[in-house]
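Labels A, B and C are assigned to the chains in the order they are written; within every chain, residues are numbered from 1.
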Amino acid sequence: MDEGRVSRHRAGAKLWLAGGWLLLALLAAILAPLVAPQDPLAQDLMLERLPPFWIDGAEPGYWLGTDSLGRDLLSRLIFGGRIAFIVAFAAASTACLVGSALGLVAGYFGGWADRVISRIVDVWMAFPPVLFAILLVAVLGTGLSSVVLAIAIIDWTRFCRVIRAEAMGQSRMDYVENARIAGYGRVGIMLREVLPNVVPSIVALLSLEMGIAIIVEAILSFVNLSISTDDPTWGGIIAEGRLSIHQAWWVLVFPLVTLILTVLSFSQFGEALKTRFDPVLW
Amino acid sequence: MSLRAPAKIYMLLQRFLIRLLTMVVTLFGVAVVVFVVIRVAPGDPIAMMLPPGATDADIARLRTLYGLDKTVVQQFFIWLAGVVRGDFGTSISLRQDVLGLVFNRLPATLELAVVALAMAIVLGGTTAVLGARERGTMVETGIDIVSGAALSIPDFLWGLVLILLFGVLVPIFDISGRVSPQLDLPFVTQFYLFESILRLRLDLTFDLLKHMLMPAVALALPLAAIISQLLKQSLKEVLDLDYVVLARVKGFSETQVILREALRNAALPTLTLVGVQFTFLIGGTVIVERLFSYEGLGNMAIDAVINRDLPLIQGIVLVFALLFVLINLTVDMMYALLNPRLRHG
Amino acid sequence: MNTCLDIAKLSAVLPNGQRVLRSVSLTVQPGEVRALVGESGAGKTMIGKAVLGVLPSSVRIVEGDMRLEGEDLGKLDPKARRTLIGARTALIPQDPLTALNPSRRIGPQMTDRLVRILGWSGEKADKRVRQLLDEVQIRDPERVLRCYPHELSGGMRQRVLIAGAFVAEPRLIVADEPTTALDVTVQKQILRLIAQLQREHGTAILFVTHDLGVVAKISQKVSVLYAGKVVEEADTAALFSAPQHPYTRALMAATPRYTDPFASLKPVDEAVLAGLAAEIASADKAWRRPHG
């Protein structure tokens, strides 16, 4: 099909662009102590609010300028990436594990399991998610594990809803019926026949969720409820930037661009992977 | 074949009652969850209220006053009994009736959400119709790319982008507050925008809109993108159907065909989704209000969490939940009413 | 008098370059019924859609012209073409279940062309529609006009669609397999109805069908189509008494007869098809040379 080829072509380009940015950001975060030009925590009142390199008054070595305490913005962004990626991977995979398992059970087994799980999802959907996350972190106390847990708790429903619907569709297919006639057990069929067919959706959602987790972490940092006030986080830098927006716009612009690129990349990467994995489109 | 009128009404009523019942169950679940979560909190809200030199006796007295000396289950049912009577308790940090506080702030949030929803529908609908009319051209590709980006970037980031663009770069809109503080407000309700229009104080309407525009756009963009994508997709499906071909043969132009023949049938599947998405939009007001210092319910909610104001948090979360289930109920009923198949049997 | 429809050397291609119409020429005289017969995939519906300007966007006309009462459709700008087609032609669609908008009542669906395209008053349009409903033997027009499509049976919907086709007195109607989707018992009534209205209104019809039995009943002229190519063209009576082309003969042999319903059905003869395929391949080769 002609249209299929075009969308696959686009998916390929997306995969490389999005994957490239994510790889770059991830490598920078992992190698932060090696690649960051300055100490992200070093304050120097002589260097406060230095502009980025192309503007008059910039200092060499402070490529993206400094914030109101004279801390190097690029170094803070690179170190902030560490927390962002840790939160993204940990929170998204926890949410994915819980949500997909429940969704698979609800969708495949139906009946009471489905009714109970669906009711719980209904209750969860009636919470404003951001407020719920803020509340959870306030309750659990600030810190990395609280943030990861809070994000997993609010967002497992995303996986549950999608996987439930897909598993439900799959369980009506003839091949599931055939497996049952062949005498396989219900759990065996679920894991062997249904699960592989919902994997593309799980992968796409997982990637999307990583972007969302980074945003939620940024929001939590923004309201001063995330990891700690000392370690640089993207949300924390944004909160500072919002305050000094009229004096030093770059403190807001650079973390914002970083966040947007990362979130866009995660969602596009997921979509592209799904297109890639989808046996029907190939 | 069509049912007779009483049977139709009966069917709708039955559907409505079932929905109402699940709604109550959901709300009860929300109340339980929020109550449990809050009671797990390690910080002592009473200790935070009192000056550092307070005695244990003072703390004990206040604990009794707020009912915190009872077991969690007892506290829950005392609170629930109050809620059913319309008594949500007293805010610890603001020392006022919770329901009064919530009703004071809710209108601001509702106005913001409704303006954002209207913007999303207009923007999403227009681009969907345009994209469907120009299907297969560069125009459609352009719309796809823009809506894809608008969808992937959440309201929080849109808010920041708008603050940079229209608050700093080209400062034409207000990026803080709900209304200019120096204005005299003659309002008796908290629905400022609505009331300013009724009173024909268009100067105030203009000022309110100037404040509301940026947060509303931030909230509207992701929803507009979803509406645009979904509606365009279902429009394109409908546009291949025989009755649309027939309308083209009759001599109607492509725009007329889309608006008269296709839009209504294509909008129906989109409608259900818009309901769920509208609740997401309202959920987004929490952080967007914070971002724009807009004095709504969400902004108050974050303060309540930071101050560990348990009764206020419970009240606000429950009101949000009530709002969400009501929206879902409305959408469900609208779907039943608009779908001719359901409507006529 | 002008020829009602004159198609000359019409060719159309898919995006991959494959021809779906191969230099099709045919005419329909005023008041005449021309049947367009062929197996599914022969391109007969495509011709009807090309005339009405509603080809799928993937199909592109690359050569030939179509004249509607002398007006060259290819030379008109899109808006004028649409207006002309709207005023002078109509379509009786194949599937009455999908050819009416499910969310609009029958009444407005029947009057909208008269009021909004041809500028009639609502009252006049309403009167005209009732007259046509009477002609297609709908006994309770009041109720039908207020109905939504799903409240009517398939046969009733097809009557409504036939009435809708004749309502603006078109010069040409394209009937696209109008009986295929219906029950066998209803098929005959609908066919009779179309024939009767056609006679009374003197409308020319381009009647697309795969059913030679229908061809014999309704048409005066026939074009036999195979793979987007007209292989034989004749008066209906002549065609049935003395089919010239081997494909026509094979098609007739493959058609069940009411007189002998238990005779074994033969598929269209394979040798004939092989000969046709070779003929078409060489024609395509010759055609591609100037057209790249």
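Everything that follows uses one rule, which is that contacts are C-beta pairs under 8 Å (C-beta built on N, C-alpha and C of every residue); 3 or more make two chains touch, one makes a residue touch a chain.
Computed from a predicted structure; not experimentally measured.
K.L.:
Classify the chain contact graph as line, ring, star, complete or other.
P.N.:
Graph shape here is a line: each chain touches the next, no loop.
K.L.:
Hey, which chain ends up farthest from chain A, C-alpha centres compared?
P.N.:
C
K.L.:
Find the geometric centre of each of chain B and chain C from their Cα atoms only, then give the gap between the two centres in Å, rounded to an integer.
P.N.:
52
K.L.:
Rounded to a whole Å, what is the gap between the Cα centroids of chain A and chain C?
P.N.:
Result: the chain centres lie 56 Å from each other.
K.L.:
Any idea how many Å lie between the Cα centroids of chain A and chain B?
P.N.:
Roughly 24 Å separates the two chain centres.
K.L.:
Quick check on chain B: which residues sit in contact with 2+ other chains?
P.N.:
none
K.L.:
Quick one: which bits of chain C touch chain B in the complex? Just the residue numbers, please.
P.N.:
Going by the criterion above, the answer is residues 49, 52-54, 56-57, 79, 82-83, 85-87, 89-91, 93-95, 98-104, 112-113, 116-117, 148, 150-151, 161.
K.L.:
Going by the contact rule set out above, which residues of chain A touch chain B in the complex?
P.N.:
Touching chain B from chain A are residues 119-120, 122-123, 125-132, 134-136, 138-139, 141, 211-212, 215, 218-219, 222-223, 225, 238, 242, 245-246, 249, 252-253, 256, 259-260, 263-264, 267-268.
K.L.:
So in the complex, which bits of chain B are touching chain A?
P.N.:
Result: residues 22, 25-27, 29-30, 33-34, 37-38, 40-42, 148-149, 151-154, 156-157, 160-161, 163-164, 167-168, 276, 279-280, 282-287, 290-291, 298, 301-302, 305-306, 308, 313, 316-317, 320-321, 324-325 of chain B touch chain A.
K.L.:
How about chain B: which of its residues touch chain C in the complex?
P.N.:
1-2, 135-136, 240-243, 245-253, 260-261, 264-265, 340-341, 344
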